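I'd like to ask some things about the structure below.
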Amino acid sequence: MSYYLQLLLNGVIAGSVYALFAVGLTLVYGVFRFINFAHAELISWGAYLTLMFSSPPVSWPLCLAVIPAVLLTAFIGFSQDWFIYRPLRRGSPITLLIASIGLSYMLRNVLRLIWGSDLMTFSLPLARGFEFSGYYVTGIQLLMLAAALLFLMILYLLLTKSLMGKSLRATADNLELAAIMGVSMPKVSAVVWTLASVFAAAGGILLALDTNLEPMMGVANLIKAFAAVLLGGAGNVWGALLGGLFIGIAENLGVAFFSPGYKDFVSFAVIFLLLLFRPRGIFGLLTGVR
Amino acid sequence: MKKSLGIIICVFLLCAGPLSAAEVKVGSNTPLSGKLSVYGEGFQQAMLLALEEVNAEGGIKGSPMQIVFEDNNSTAAGAVSAIQKLITVDKLPLLFGPAASSNFLAVCPIAQQNKTILIAAESAAAEISKCGSFVFRVFPSDALQGIGVAELTQTLKYDQVVLTYINNDWGVGLAEIFKKKFTAAGGKILDEFAHDEGKTDYRSEVLRIRKSNAKAVVNLTYIKEGATVLKQAYETGLKVQWLMGSASKSPKLVELAGEAAEGVIGTYPTFSQETPQYKAFKAAWEKKYPDKKIPVFGEYNYDMVKLTAKALRMAKSMAPEDLRKAMIEAGKGYMGVTGDKTFDENGDVGAVYGCWTVKQQAIQDYK
Amino acid sequence: MLRIQNVTKAFGALMAVHGVSLEIGDTGVTGLVGPNGSGKSTLFHLITGFYRLDQGDIFFGPHSIGRLPPHEISRLGLIRSFQHTRPLPFMTVIDNLIAAAPGQTGELIWPLFLKPARVRREENNLHEKARGILRLLDLLPLADELAGRLSYGQQKLMELGRILMAGPRMILLDEPTAGINPTLIRRLVEVLHRLCEQGIQIFLIEHNMPLVAKLCQHVFVMDSGELIFSGTPKQAREEPRVIEAYLGRENHAA
Amino acid sequence: MDYLLHVMILALIYSVFAMSLNLELGYAGLYNFGHVAFFGIGAYVSALLSHAGVPVSAAMICALAAAGITGALLAVPALRVSGDYFGIATLVFAEMFRLVCLNERWLTKGPMGLPGIPRPAWIAPGVEGMPAYLLFAFLAAVGTFVFIRRLTGSPFGRALKVIREDEHMAQAFGKNILLFKVKAIVAGSVLAGWAGTLWAHYISYISPADFTLTETILVLLCVVLGGRGTNWGPVVGAIAVVFFGEAVRFLPIPPALTRYVAPLQGIIYGGILVVIMMKMPNGMIPEHRRKNT
């Protein structure tokens, strides 16, 4: 029994990282209705920039290095929108998708140009996990879980309590209508991109702390993050969290029953089935004919 | 529009055209992008180091040697495109092959049919031996290593192990040979599973190892995956003897896994680090790339280029048959950084299998 | 011809249509009126299968259509329009019409390759038929224009043409005259009369009361999801409940 | 010029692949992000059967059938969801297919892949066979083009476009949209399988690594770049993508910078994609440039 509980615990923690990636995606998807492939690159850039500020010649302590790294990532996210997505917004979502793929290529290769393709690490001292009556959790894992919860909590409050959050949700409901109602689009998109970048960077930094850095680190997690978005219902922040957790738990529990070579298969199969039986996501609503 | 088109065409002609007779060119089909690029960069640096030395020694019969690098995207299709380009556009008679065995297997019939020499510095699959007379490799076949790991496991008196391997051509190929040899000798495999390439979270796999209560785990994997597994096993306090293969023998593993890598034992096609060749190589490397550790298989790539240069100097002409003979001739008794490079009838080299271990955060020979 | 029996549809707590029963014979043009939000369009969606019934049943001729998907209902000859125009803007007007024709052999993959002559013949016939309809609608000069370039009124007419291409026995029109100019309304009325003469039944939602009075032999009035009146337009104008439904709503709004 | 032949064969195979995706994406408006699965099924079935001793031509036909049947089996449940959800369902399906190929080693040899896939009997193996294979691929591409043009220029294609533009309208006019979409997917899958067999017998080696999301993105690119919803679009797009992908090899990068070659190529590749999408959002051959305008 404890075996399964430990698997569950692993799943929850893995899922909370997917959720951090998914939240940014779901905001962008909710408001602009396209899949931002370059979101993966915000994840890696967040991690690499932190590495840059925490290693020579800057050599700031990690908690300080995070600040400029996240700011710069937000700047990248914001310029993505300003220079590329905004001019394309009137086009079809597929055009935006391809443009974001191109952008993803560019950003990833700039990263490789600067830091190379080799693995990097923050070289933190190695720590044994904490043991709670037979269950193991590491500090960083706890940090990941806490960060995911904290960030989502803040986001939730921001979305429901502030005026900005309300206009953001209005935009997610209906872009044109929101524009007519006097929601300032530049403002909304600035907020969306800032939030998306901050979440991506935070997720990337945590992931890098837990394991290591490489240029593909973002892309490797993108499909699952996006599946979490759809599972939760587009634009739904709590949905993204639950979707992420769901995928994390499914794939880790799957290890008990299948070959770990099928680890991804389990999570994909769950996504597939869930899509068929809850076609609009866990929280999605069906819309009627107009 | 027309003007810019003209410029583009000119540019293409310029860079495709200048086959200046003054240079001796060979090609390299290297994974510079895609999932193997983590390794490809190191291979390339080792090759460039060797190249620099060759040219410092006067090049090939007075002309400088040059390597034309083609990226293969780490895919079979990319490797095929790259080799077609190297053979027919650059018209190079001698090529260094792609890294992964699967990619190598995709291109070797093309080289064989074009009578182009193809040399592998790190592709280990046993099947490569069957590729043909124009295919050589300076790296020993997996068949030898699988047996090596099984023997190591038995000498250490572990007759019950968990076997896990990276789910790619290298891991699966090696695992199968290991399993055959190990079970034939009476060993028992408690649990066997593949783990995915490129994941960041292997905690559940580690848990499965823990559940089997094995004392030893044979983990045939790459650096990144290996480091992550070791680290995450360490975090949960799992105490087992890790037995690993050659692909994870890298200072990078120790750098990434830290203390968790302590005590790992692995096999690898060995070569003495006491030879003058190795010491010279190490010194040269540290001089050229002061802040870079020697990459995995870097020594083989270095040897490959040096040996090729020797063969080119010996060759009567650049005709395929002459080059092939020169390769065999150059290999005979050639002592490189990685030992004896005498080719057998399959174009394979033999190997001495040694063991490595991690002690005090450094990779050492295990005795 | 169309018989609706005790049809009910709810969206959550909102009763959009509640226990509506009505019957339309071969009476020509029938109107469906009622204040906004009274459930008229929902009833149309229910009849044509776009919404699923909660309760009750609908019969078209001898067929029970209450549980059929929209395309099967359409194939029985019950064709509808939508409240807003829905042209296929990147197709020409004539293609818009031809696409609406039912039972085209060329829409099946095998005959497309095995019986090309038949497909070609059918296409030619459809082309002729479409031109005929466009002539009737006075749209023939615009046949090769992209549908997106037509005015709103012309698009409405084209949509009527599209419905005619489908070979209807009964037409459901959702506010056919909304937003078009009087000249085009006159043309539309003309066409509707012609269709009645050909024996095609018309059932329409309309807010323009004088037009309803002029056009319809019979009207049904709905309010808050329920049918409150059935009779001639003249009777409807005198019926207190109908007046109350309209005025009450207006007072409330004011 | 074997290299040129090789690039041309690749371009032709990709045109077939792109045309098949265009049938779904361009004409039926179905965002199939798992199209590579059918390419893979075609390749694997054809390769496995010909390894088992079935004549290559028969193996190819079986492969097409297998791709078509799988397409139908996927389409019926996956069409319950629409738009991006359909996209993600198909994407996930393709990954599941790849993982099965990777893990069922008794059948597919897993990551080791299947080497030595034979060519049709009348084409010589290896380099000598390249002109003949080029001809074969050319005929295959022309055949596919003619087939698709007939399909899309017909009432069937017209109905697909109606469905793409307005599903409710199509239903109101008696079109069984589910059936039409299933047919489009089956036809698209068969043709993708066709491209897959052409690929497998040409490259002569396949492994699960050939059928990843990257491949789907590449073919998506061919379609969108060329112009979705047009007959020539995917062909032009495929040729452009393949030739461009090869052309970056010839960029004049000084030897001193060889370490930077791959990232630089990647940056240029990505940059050009972005620029093209910004300047020509509907592709090189936009669909809605009709007569009388």
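Every chain is named by a letter (A, B, C and D) in the order it is written, and numbering of its residues begins at 1.
One rule holds for everything that comes next: a contact is a pair of C-beta atoms (placed from the backbone, for glycine too) under 8 Å apart; a residue touches a chain by one contact, two chains touch by 3 or more.
Small disclaimer: the values here were computed from a predicted structure and weren't measured.
Student: If I rank A-B and A-D by number of C-beta contact pairs, which comes first?
Tutor: A-D
Student: Nearest chain to the global Cα centroid?
Tutor: Going by the distance between chain centres and the overall C-alpha centre, it is D.
Student: Compute the centre of every chain as the mean of its C-alpha atoms, then state which one is farthest from the centre of chain D.
Tutor: C
Student: How big is the gap, in whole Å, between where the Cα atoms of chain B centre and where those of chain C centre?
Tutor: Taking the mean C-alpha position of each chain, the two centres sit 72 Å apart.
Student: Using the average of all C-alpha atoms in each chain as its centre, how far is it in Å between chain A and chain B?
Tutor: Their C-alpha centroids are separated by 35 Å.
Student: I'd like the Å distance between the centres of chain A and chain D, where a centre is the mean of that chain's Cα atoms.
Tutor: 30
Student: Quick check: how many Å separate the C-alpha centres of chain B and chain D?
Tutor: One centre to the other, that is 33 Å.
Student: Using the touch rule from the top of the page, what residues of chain D touch 2 or more other chains?
Tutor: 102-103, 168, 262-263, 265-266
Student: What are the residue numbers in chain B that touch two or more other chains?
Tutor: Where chain B meets two or more other chains at a single residue, that happens at 33, 37, 40-41, 167, 194.
Student: Listing for chain C: what residues touch at least two other chains?
Tutor: Answer for chain C, listing residues that touch two or more other chains: 50.
Student: If we count contacts the way the header does, which residues on chain C are in touch with chain D in the complex?
Tutor: Contacts found on chain C: 48-50, 69-72, 74-75, 79-82, 86, 88-92, 95, 98-100, 102-109, 112-113, 119, 122-123, 144-146, 162, 166.
Student: Using the touch rule from the top, collect the residues of chain B that touch chain D in their complex.
Tutor: Those in contact with chain D are residues 11-12, 14-16, 32-33, 37, 40-41, 44-45, 48, 66, 69-71, 75-77, 80-82, 84-85, 87-89, 101-102, 105-106, 109-110, 113-114, 125, 127, 167-169, 171-173, 194.
Student: So in the complex, the part of chain A that touches chain D is made up of which residues?
Tutor: Within the complex, chain A contacts chain D at residues 35, 84, 87-88, 91-99, 101-110, 112-113, 223, 226-227, 230, 234, 259, 261-262, 264-265, 268-269, 271-272, 275-276, 279-280, 289.
Student: Help me check something: in the complex, which residues belonging to chain D touch chain C?
Tutor: Its residues touching chain C are 150-151, 154-156, 158-159, 161-162, 165-166, 168-177, 180, 183, 187, 287-288, 290-293.
Student: Give every residue of chain B touching chain A within the complex, in rising order.
Tutor: Going through chain B, the ones touching chain A are 33, 35, 37-38, 40-42, 164, 167, 193-196, 198-201, 203-205, 207-208, 211, 223-224, 227-228, 231, 234-237, 252, 255-260.
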